[in-house]
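Everything on this sheet refers to the single structure shown next.
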């Protein structure tokens, strides 16, 4: 049981201990694996980081992801010393942060939020800079990130008139579960970056608006917290998004836990054998800590270490995951299995062959492979082939990425999607306005659904089909996007020269 | 007969009385229905709003649209109190308004107006901010609004030379009625927002230039005022645009009144079962009243109320209007019936089947369904099919939206349109320069028609056909528009943060 | 013989006399016809305008274009009075003009001019504002003006390598006349706006560089001056561009004069039955004279007068010119006849039928019909049809508009053009640097021709054909142009509000 | 043996001697041939330029490229005088240069470089202005320069999922020589402009990362220095890029020297019978020396001299090089011959016919023929034809130009390229950070290769094929490029007006 002063000695990148909830961990080898970057951990090297840690992570994180031998025992209590770590963490607010806090006070009232872009704008101003960067960034040049949205704008409508549209009903069933809307809250990581209640905000809003939530593997709240937040009386539907661990026992335990907790479907992520490079996020994180310039040389030698990081992460998310594993999953669980991250027609056909219940056409929100096509383009390619092969009823097809308006949703439905996953917009709504924000975001979409369906001349989502769409320009990638999206979008930056001395 | 002090007690959103022309009305339930927003009414809650009211509305508005029981009787006269309402309304001019009034003084002379964009520019500077926002806004991201115009610019000409073009005649017949030009003034709401004489300006200019006017249901002047403004001696042609009321008796009365007043054709709006969300307009209205910040929470709870608004409006414009109603119309009137707002080929074919005299290909100036295609694209799709089916002579086809140049008109005519509706440009001309502006706008178009027809090598509009057009790029929606249009176009805004205290 | 004081009384738009070279003219009816606008004449109403007049016009202009009765006799000499007119004309230099004169001093040396855009840039800075506006403007929104240039940039090359390209020969024959280059100086009006020597600069440069010049009808120098400027010993080739006058006798006299002066070919303009509206030019002229604001009302009543202008101009350029006239031309002259301004395939076929020697595919530099296609697009449509009909040898095809690089020329030649007309670039070179500028411009093109032909792998222009081109994108009008062109291009302006008092 | 004072007399453009390493040369006739412009030489006219000369050129340059009679003998030593030339060269640092030197101090640490664009950005700030201009410029309007990059962005991926991608192997063989990567360092001129060690930096980095280097004819280091820099123990592979001299004996000597020095393949440049005009580079050089304004007139007469320059350069690079010469090469050497600069399908077929071992589809980095297509477009055209003719195995196809990301490389490989040449990015990395920079650049590409291959679902480059690509938009040249590229790209400038006095 090492003392605080013992812990203090392990205060650098080559030998890094931290204290979380009085437990001491050696995280030296984990440093390059940390999704939030090693810098933030190094700040607490040799110190207690409980407070900061719990702002973002579920309590069981370290025990789950670190090898048992990395746990070094409980700390030898000493109240004088203990406070130190936390104290040092209280930094002076820089000018930027002061401005942010002031903007929080001056947030536009919710009544002024007319669409999902508005939430994004407010979030970009009131969120912590790094949190914003983590949520908003995509891989490489963010071409796919933006394409996801632009592609919808290349589809136009062919509306019908003179139909009785007094009654509009956009409710649907997703994998057999009732939903008030043809969209669901898709899985996104680290909810507490946006709001102290993290994913629980989404759970509560989903209940209020009767929307299905997909619980993420990389949530900030623990899985248990999120499922416990469900409404006790009504059977609120939740799905689970799964990153498959190289250690299949861990994965199996997670799946069993899902079943035990009445999760209704398992969405297995298949597009992330390695995490994409999100340069905007990386740039954002660096700038923050740019004060310690003397580290440069050391960092520059870090090239190999970063290669190591890639390898390290592979040990968490399984680079070996393949179709044979799908058979294994079908053996270990009765839950419906949906493959999240299908990106071409051939894999969609394989998915049907392997007997899964559904697929999500997704490029991971433009965070994985740059130049992956927008899902809506893939959907437009896929459906005619499925129909021709009479396979279109064999499977439920979902789609996510780039959705900002109900018109986007209706286009996807008309093309054959059963439901549309929406992620970032709800995170932004939550980050800016908490539960109320998420509820409002959902109601905005519902209002838009009503209006759009009336003006399209359809009463239910089931009536929608390709005849309502003009797809002529879908594959011509020249759209430069709507104004609000462009105004909110934060361009990539080149590296900063060091400040003048 | 309540006293003024009695009226004063009903001064809030939950209990709102107003006085118009000494008559007291309970408008509490009407608040969310008000096209101009409830804020402007709430300013006069418990007060006399006659002056402001008459600036915009026909005198009979309230008696027509409110249920009879909402009329609470005449006010008990008391001159001392009476003035109060109006006085309070006299606000301090803010900086923006002062600048606007000064710009009115400095308007460019009419001789400096060379094209319809110029009018729009002047109007954008000299109109009241909210009025400008109401006229200029479209739905959602205003993609369709702009597409309407851009689409014309993707059509090029194949002009013919060495033809005697000394005599140019662009007169035509519209539904059998002579017109000096192949365009007409289409229906637009709330003319008094732009000019105290409202729609009567347009009536007078139409007479001077021998142009047909379509009288709108939602005019600011009363229907009677507008028809009475017609030239008494010559038989000035007017059409009527009809929003069909859920209460068919009201609608029938309107139609009978049209016949009695020698209206020549009935344009039934079919693209507006629900009014589109015009966010630019909403944003503009809010900013105006942003002073009372303490209302925020209350407003934020207003989500349901705004849903109510959608429902409320549906009770005025009939969401149930459908093809069967067209049969009813044909029974109750001998007026030619034209369906305004057809947006796809199939509905055009249905219209012919139901025996109407004409259709207007229109997306309501980009104010209803976002991602509706431009009418000129629909026309280019429709005409070859009609010709193939030998239906092209069965019906007159009109088109509106986005027209700014005579070249736009000639493109539509060459594609098979009988006439082109122009709305906003004449409103802008009227708002900036009154009658003279509208006359000048029409003459500019006539000058352009002459020049363009000469340079195309045609003497009459009847000679125009598809051979004069290069349509290769019509469906490639990459045009970013001409410079003047882009300069005049006011981008959408994100919500404003509250001012620093 | 009226006295100066008599003349002085006729000093307004309704009664306007001017003195040119001691001769008095009543120009009241001509005012709206004046291509340079009536304002500039009204400045001299009742005065002597000889000096200003001769800066721009050939001496015989008034006698040629005014009816004989408008000449009122010689002025009664009175030296005191006489100076007055000229004196008053000496205005204070405004800030803008001072800056321009200073920029003339600071012109980049000719050695710094690398391409034709550079000339345009310098000209835009050192030319008088109105003169620049007259040269640079196009009709309406200047879409066709820019398309002319952009279209070339949508054609790419398929170059050949490993060919002996030591000897490059880009000389050719144009209508049987030798030319050192496959381009010629096309006709442009009012050369003295750019340089005091006007079209004579071009004549001299053409001789030096062995380039053919097309003499314009609307030259600033008189026809005789221009033909006399030719090199006496060598037989310098000149063509003539003809605007056909409604009075065919005038036209016949011009043609006879061409023959007498050894003009080698007659280019009849067929795309200008009415002059296009060049709003940039109009705007530029107005701003200049905006000082007299009190005229506004009067001007605003001027609507009909401007309509009159359109009619008036039609009386000079014949709106009735048609194919039958071509027969007449063939009777009255043995000169080769070329139709300048053909804009579609059908008219090219008609031209062959009527037996002319050549056609110029041209939209008049984007100054006539807006949305006319670029000539290079028309050429790409035309040639395959001519080849299929075996008509491609029947006629020589020229092309003009938008050419700025030798690569543009080679693209046109490869598509089947015999020669390329270049207008504005030489005017800009002349305006900025006089004769030296024009010579340099021609040498730049020659250098570029050498380099481009070497890199394309061809030794003579005769070897070029469609196989050297990638035309896939020619008809996709999404190009936004090269940077220099965009930097030099001056955007259109909206009307100016009057200045604050 | 002339004295220094004798040399001094030959100090102008018409009579120019310089001293290099105590040897006197008459460079008068060479002046217009100098790739770096004559200005820089004229600065040293009549003086010793050894120091500046050696910064850029291999020691044997003058003896190699000047005719023997231009060497005038050794200088008569006189230490007093000798220093003068060098002294005068020490100029005052201008403001811009001071800022540059300061920026060098403040360079972002290497750890902040995330991609190749980042290197380019840093290089653009820390390189000498002229050096940057020489490296970064392309011909004419730099349309092809940018197209090279944009074209890649019009290709999207169709990634496969659920494949075991634990082991990624991107090693390959290039012309039978092992390479750790499917790219090589292509030949670029004048390496010392970026770094004092010039091409040797690249040699060292290539060894560290097991990448093949192509040694350029126009290197700054001598050929011998570069080959001697290779790792002595391991057989480091180098290729040689050859500009064919009109004097074939010189060429033959170079080839023999290659064989003697164990060069593995000969890349003969076939796209440069004449050097393209790089106006950005020219503009950059002029501005530098703009102080001597009195030279203007003289320069303006220099038109013919510049024509002479074109001719002069032709005497160095052979304008007559053609297919017959390829036969000669095959006779004089057993080295594999690869033609660098093939730009169309027909020439690729000819290359196979002439029996070469490979071709590089290249437009010389956008530095030669403007409007040459991007190589990736040519590749996409070529491969289906080769496959159809069963010629795709007959030859190795390489490609260069515009590559900035591993995704670009993978697209080329999937289309059928064997390897991808990368030039400028490594120059920028070297210029900004020396050896470390180049190594880092290569590692970044390797990281990206790993990630992209994982996310594409391939383990080796051999698995890649067209099925992984969406080529629908490849030929639609509307892309405007990614943000970083656009931010780094320096727009062309118009000529500068002279400064105010």
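Read from first to last, the chains carry the letters A, B, C and D; within each, the first residue is number 1.
Note that in this section a residue touches a chain if its C-beta (ideal position, glycine included) is under 8 Å from a C-beta of that chain, and two chains touch if they have at least 3 such contacts.
Only a predicted model underlies this, so the values are computations on that prediction, with no experimental measurement involved.
Residues touching across the subunit A-subunit D interface largely differ between the two copies, under half of the numbers being common to both.
Between the Cα centres of subunit A and subunit C there is a gap of 62 Å.
If each chain is reduced to the centroid of its CA atoms, subunit B and subunit C end up 44 Å from each other.
Touching of two or more other chains is recorded for residues 476, 478 of subunit D. Taken pairwise by the contact criterion, the protein chains form one closed cycle in which every chain touches exactly two others. Contacting chain pairs in the structure are A-B, A-D, B-C, C-D.
Remark: subunit B residues 102-103, 106-115, 117-118, 121-122, 125, 153-166, 405, 407, 436, 439-440, 443, 447-448, 450-452, 454-456, 467, 470, 472-473, 476, 478-479, 482-484, 487-488 touch subunit C in the complex. Of all residues in subunit B, only 140-143, 270-271, 273-274, 276-277, 279, 282-283, 286, 293, 296, 299-300, 302-303, 306-307, 310, 314, 319-323, 325-326, 339, 341-344, 346-347, 350, 368-373, 475-478, 491-492, 494-500 touch subunit A in the complex they form.
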